[in-house]
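First, the structure itself, so that you have it in front of you.
Which chain is which? They are A, B and C, in the order written, and residues in each are numbered from 1.
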Amino acid sequence: MPRELAQRLFHELEQLPLIDPHSHINPHAAASKTLADILGYHYYTELAHSAGLPKERIEEPGISPKEKVGRLIEKLGEIDNSVQLSWFLDLAKTFFGFEDDRLTLQNWERLYDASAKKMAEPDWEEQVLKISKLEAVFLTNDFDDPLTGFDTKRYIPCLRTDDLVFHFENPATRERFAKATGITPTSAATIRNGIGKLFSHFKANGVRACAISLPPDFSPAAVSDGPGLDNALAKVLSEQGCADSRRLVSQFVFWTIAQYCAEFKLPFDLMIGVNRKVYPQGVYQGQDLFDHRVSLIQYKELLNAFPQVTFPISVLGQTSNQELVSYAWIFPNVVTNGHWWYSNIPSYIELDTRSRLEAVPRTKQVGYYSDMYKLEFGLPKFRMYRRILAKVLAEDFVIGRNWSEARALELGKTVLRGNVERIFSV
Amino acid sequence: MPRELAQRLFHELEQLPLIDPHSHINPHAAASKTLADILGYHYYTELAHSAGLPKERIEEPGISPKEKVGRLIEKLGEIDNSVQLSWFLDLAKTFFGFEDDRLTLQNWERLYDASAKKMAEPDWEEQVLKISKLEAVFLTNDFDDPLTGFDTKRYIPCLRTDDLVFHFENPATRERFAKATGITPTSAATIRNGIGKLFSHFKANGVRACAISLPPDFSPAAVSDGPGLDNALAKVLSEQGCADSRRLVSQFVFWTIAQYCAEFKLPFDLMIGVNRKVYPQGVYQGQDLFDHRVSLIQYKELLNAFPQVTFPISVLGQTSNQELVSYAWIFPNVVTNGHWWYSNIPSYIELDTRSRLEAVPRTKQVGYYSDMYKLEFGLPKFRMYRRILAKVLAEDFVIGRNWSEARALELGKTVLRGNVERIFSV
Amino acid sequence: MPRELAQRLFHELEQLPLIDPHSHINPHAAASKTLADILGYHYYTELAHSAGLPKERIEEPGISPKEKVGRLIEKLGEIDNSVQLSWFLDLAKTFFGFEDDRLTLQNWERLYDASAKKMAEPDWEEQVLKISKLEAVFLTNDFDDPLTGFDTKRYIPCLRTDDLVFHFENPATRERFAKATGITPTSAATIRNGIGKLFSHFKANGVRACAISLPPDFSPAAVSDGPGLDNALAKVLSEQGCADSRRLVSQFVFWTIAQYCAEFKLPFDLMIGVNRKVYPQGVYQGQDLFDHRVSLIQYKELLNAFPQVTFPISVLGQTSNQELVSYAWIFPNVVTNGHWWYSNIPSYIELDTRSRLEAVPRTKQVGYYSDMYKLEFGLPKFRMYRRILAKVLAEDFVIGRNWSEARALELGKTVLRGNVERIFSV
C-alpha cells in the first residue's frame, strides 16, 4: 500500500503548475533544436568522458549536432545506470514518443530524426512549457545582461554575481562592468556605485533574486572602507592580487551586494561549496568539484548582519545538509533551497527531503529547482523530485503521522510551489 | 508484515519502565503548570521565531502564560510538519485528551484550559511519571547546586561542568565556586581542591554522572603544573585572558574533572560539537548551532589517558556518528549516548541507530535520553525513539537476520534501559 | 513483493563466481586451521576487547587456540548484535554445519571440534574456494615478498607500498629494501631505482595492482629533485626526520610509485583516511581509527598528473562517499572501490551503493572486496554485500525504473565481477 499511496500523491503533485526558481535557461533560445542540445548537457558529456570518451571527440570543433550525438551514444550504455540518463529517457518518451528501454547504436538515429522534426515545430517552446506545466522559470543572468527581448514574467531575471565577487582582477570583467554601468571600477566607491546601477537596472526589469556560487573556503565578512581595502583593490585592479588582497576584495564586493539585496528587497541565493577547475582537462562545465569541509558557521556574520535579507541556501555536499537544516531551523532568514548538482541524486534528495520536512518550518523550504540549461529538462528533473517527495509524504506523514492525503499534499504543494511564490515575490 | 511486526515490537517496548539518563528537569518544578511551560520549550519558540514570529512578541516581559501561548499558536501552523510539533500533539492527546489533528486558532484555548485544570491536580507530577513509565530521571545540576529538597533516587544528580571548564573568567562563576567550596579560585591548586570538594558533595548526594557540552574546536589535553599554567590562570582569573590562556585553563580544568571522574568512579558524559551564541538575536536557548568539522580524533589523548573512566559520548552533528560508532567499537571506555538536539530527528536517529546496532557492542549503547526541561516531554520523545528502534529491530534483526521477536526485543530493552542501569550504576 | 524480488536477485547473484580484488590472505596458509584463526580476526578481538575482555587475556602468549576461542566466547554474547558476528554465524553454518542461532558457552566446543576436523581435511582450502565461488583472490604483498611458492593466477599479487612511502626512517625498512633490490637507499636516485626493481619483480610475477593506505592529512604532490629533497632524505634516512622532511619524503616516494604505476600500467589502489595507532593499547590490528575531515581535493594534483593511471579509491569515512562518487563521475581515472573497514557495515554500504549506482558510470565501480585474512570470510562478507546489492537493484532499478530483472542482474554482475576483470586486467 505505501507504494500505491505514494503513486497517488505523485500523480496529484504532477498536476501542479510550477515556477522553477533556478535555471540556466537562455531566454532567447530556451528550448532545444536538436538532441545535441539535450545530450550536450554537461551531465552527459562529463559522464561519457568519465566512462572513457575522449574530450577531443566530444568537443571537436565543427562536427555536426548529429555527429556529436552519435559519438556520445557510443558511451551512453556505460552510464545507463545513472539517474541522469534516466532523465533523458523520460524526456525522450514524453516529448518525442521514444518507446524503447535503452538508447542504442541501433535506435538513436530514429530518435534523433523524430525529435528534430518535433523541435522544429514553431511552437515547440510553448509545447514544452505546457507539457512540463512550467509557468515561469528563473534565469541566471550575467551582471551586464541587457534583459531585453524576452518576457520577464515568464523568464524571470536573477542577478548572478560570481564575476563581480571573484573576477574583478580579470580585465574582461572590468570592461563589462564599465560598459554596463558607465563607471570604471577603480575604487571601493566606484565599485559600490556601479553595483548599485546594476541592481537598479535589474530591479527595473523584474529581477526576483540575486545569486552566487561560492567556494568552500569563502567566509563573508564586513570590510571597512580605508587604506586596507584601498590597497587590496589597487592590487587586484592592477592584476597583482595576492591571496589576501583577493579575499578582501571578494569580501568587500560580496558584502556590498548583500547590502543592495537589503536595499532592493531581493533574496540572495547562496550556492555554497564549489571548487572550480579541479579537473581542468575535463569537458566544458565538467571540471568543478568540491571539498566537503565547509561549514555554515562561515556565514555567521553575514546571517546576523542582514536579518532583513532572505538567504535561500543550497549546499553542494550532502554532508552539509544537516547544517543547512539546523541553520534554517534557527535563523529566520535562512531558507533551504533545492538539491544542488552533486547532491541532486535520488538517494541524497530523499534523505535531505526527509530531514528538512522534519525540522524546518514548512514555509522556509524551496523544494526543488531544475538548474537546467534547456527547457526539456524541467519535466524529468522535477518529476524525479516529485516521486521522492511523494514517497516521503506517504511514508513519513500519511503513514507515519496519520495525516490525511489531502494534508500531505498541501505540504507537498507548499514546498514545490507556494514557497517559491512567496519567498521570491513572484 | 514488516509494519505489523514493527508495531508489535513498538508496543512491547512501550511497556518498559524507563530511566532517563539525561534531562534538564528542575526537580523542584518537574512538571508543567500551563501550556506556556510546555510550548515555551525552546524548540517551539525558536521554530516559531524562525518562521517569522518576532522575538519581542515571544519574550515580552510580563505577558501571561495564556497570552504567550496564544502568540505562539499563530505561527505553529507553519511548523506543523516538524517532528517537534508532533511531540506536542502526542503529549496533548495522551495527557490532556486533545482529539484534533491540528492545533489552531480555534481550538487552542479549549486545550489550554483543559490542560491547566489537569496540571493543577496535586499529583500531576506523579501522574506524568506513571503514564510515561519514568522511574528515574537524570538532572543537569549546576556545580553549586545544593542538591537538597528532592528525592535523588527519582531525580538523579548529574554534575554539569561547562561553567567550570569554560567560564572561570566570569566573576559570577568564581563567586559561585568560592561560595560552594569555601575556596577562592586563585591557582591551579585551589581550583583542583575546590573541584574535589564539589565531587565529594555530589557523590554524597547520589550523583551518577558528570557531564559537559563542548565546542567543535576543543581538544582535551593534559596540562602540566608550572609557570605556563600559572601564567594562563593569572590572566584568565583577572579577566584578561587571550585565546591561548583561555584554552590552556579550559584544558586544565577539563583534565582535572576527568581525574576526579576516575577517582570518584563516575561516567563522564561528553556532548561534543556545539557553538554557542551563533545567532545572538535568537530567542532564549535558540541561539546555538554547530560546525560539523569536528573529529573524535581530538579526544584521542583523553580516551587513552583514562581507560578507567566511561565516556558516554553524544555528537551534535549527524556526520560525526560514524566516528562515534567506530570509536565505541574500538575504545572500551567509549559508549554511544542518545541522539542529541540537531541530530534528534527521525531520519537521523534511524540511520544512526542502524549503524550503532550493526557495529557497537550491545552493552555499550545508551539508546536515548529525553534532554527535556519539563516532564511531559519524556513520553513523546522516548516514544519517537521507540518507534524507530522497533522499525530497525523488525527490519534488520527479525527479518534481516532471522532473529526471534523475543530476541530482538531483548536487544531493544538492553539499549533502552539495561545499559543505563549498568553504565550509570543506577 | 520487493522482498521476494530482492531474494530472487540475491540468489542469482550468489551463483556468480568471484574474483576478490583485495584481501590480506597469506597464500601459503590461506585457509584456517582452527576457530582461533577465524575468531582471531581483528573484528572479534577488538569488539570483545571493546566489550570488556582484557587485552592480556586475548593476547596471552602461549595459550592454545582452543583456550583463546574459549576466552573470546565469553564476550561474544555482548557483540551478537554486530554484523561482524553475523559473518561468523553465516560461515559456521555454511562450512561447519552449525545449526544454533547463537554461539554460547554451551555449544562452542562442539563447533570448535567439528570445525577442527573439517579444517584438517587435506583439500580444505579447495573446498572453501569452491563453496565460496572464489576463482581468484588479490593479495596484499610486502614490497620484499619473493612471490614464490604459490599460484599467482589464483592468489594475485598486489604491491603494498605503505612501508615505502611512510617508513623509510625505520632501519628495518631500509634493510628489507636493500635486500630486496640490491640497492641501498641513500638518495632520491637510489630509491627511485630500487622501486623500479620492485616493480619489475612484481610485474614478472603477475602483479595486477599497487596499493597503499593513507592518513587523512596526506596530500600527494610532485617533488622536484634538488637540494630540498636531498636534505629531507638525508634527515629521514639518518632517522632525524622532522614533520616537514618526512612529509616531503613521503610525497617523493608516493609520486615515484605513481610514475611506475604509469610505466608498468598498474592500477593504484588508494585507501584513504586511516589514522594509525590512535588507541595504542588496543589489541593487535584494533588500534587504528580515522578523522572524517579529509577531502579528495587533496588528490587533485595526483589525479590530474596521471590520467593514464586508474585509481580505484576506497574511503574509510562514510561521509567521504559523496566526494568519491563525484570524483569518479568527473575524473576518468577514478574508480569507486568497495566498502572499507569502518564503512563496511550494511547501513553505510546500502547508502553508498545506492549513490554510486545513481551517478557513477557502471564500468567504474568495483562493488566489493573481502579485505579478509582467512579464506572463510569471503563467503559471508560477499554475501552481505550481495544481499544489499540485490535490495538496491530490486528497489531502485526493477521497481523504481521499470528495468527487467535480467537487466538489473547484468548491472549487478558488472559491479561484482566484470569490472574487476577489466579494471585489473585479470
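The rule is short, and it goes like this: a residue touches a chain if its C-beta (ideal position, glycine included) is under 8 Å from a C-beta of that chain, and two chains touch if they have at least 3 such contacts.
For clarity, every value in this text was computed on a predicted model and none was experimentally measured.
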Same or different for chain A and chain B, where same means more than half of the interface numbers show up on both copies? different
What rotation angle superposes the Cα atoms of chain A onto chain C, in degrees to the nearest 5? 120
From the mean C-alpha coordinate of chain A to that of chain B, what's the distance rounded to whole Å? 39
Touching two or more other chains, which residues of chain B qualify? 293, 319, 351
List the residues on chain A that touch chain C in their complex, please. 3, 46-47, 49-52, 78-84, 86, 101, 275, 278-282, 286-287, 289-293, 317-319, 342-343, 345-348, 351
With touch defined as at the start, can you tell me which chain C residues reach chain A in the complex? 293, 295-297, 300, 303-304, 307, 319-320, 322-323, 325-332, 351, 354-355, 357-364, 396-397, 399-404, 407, 411
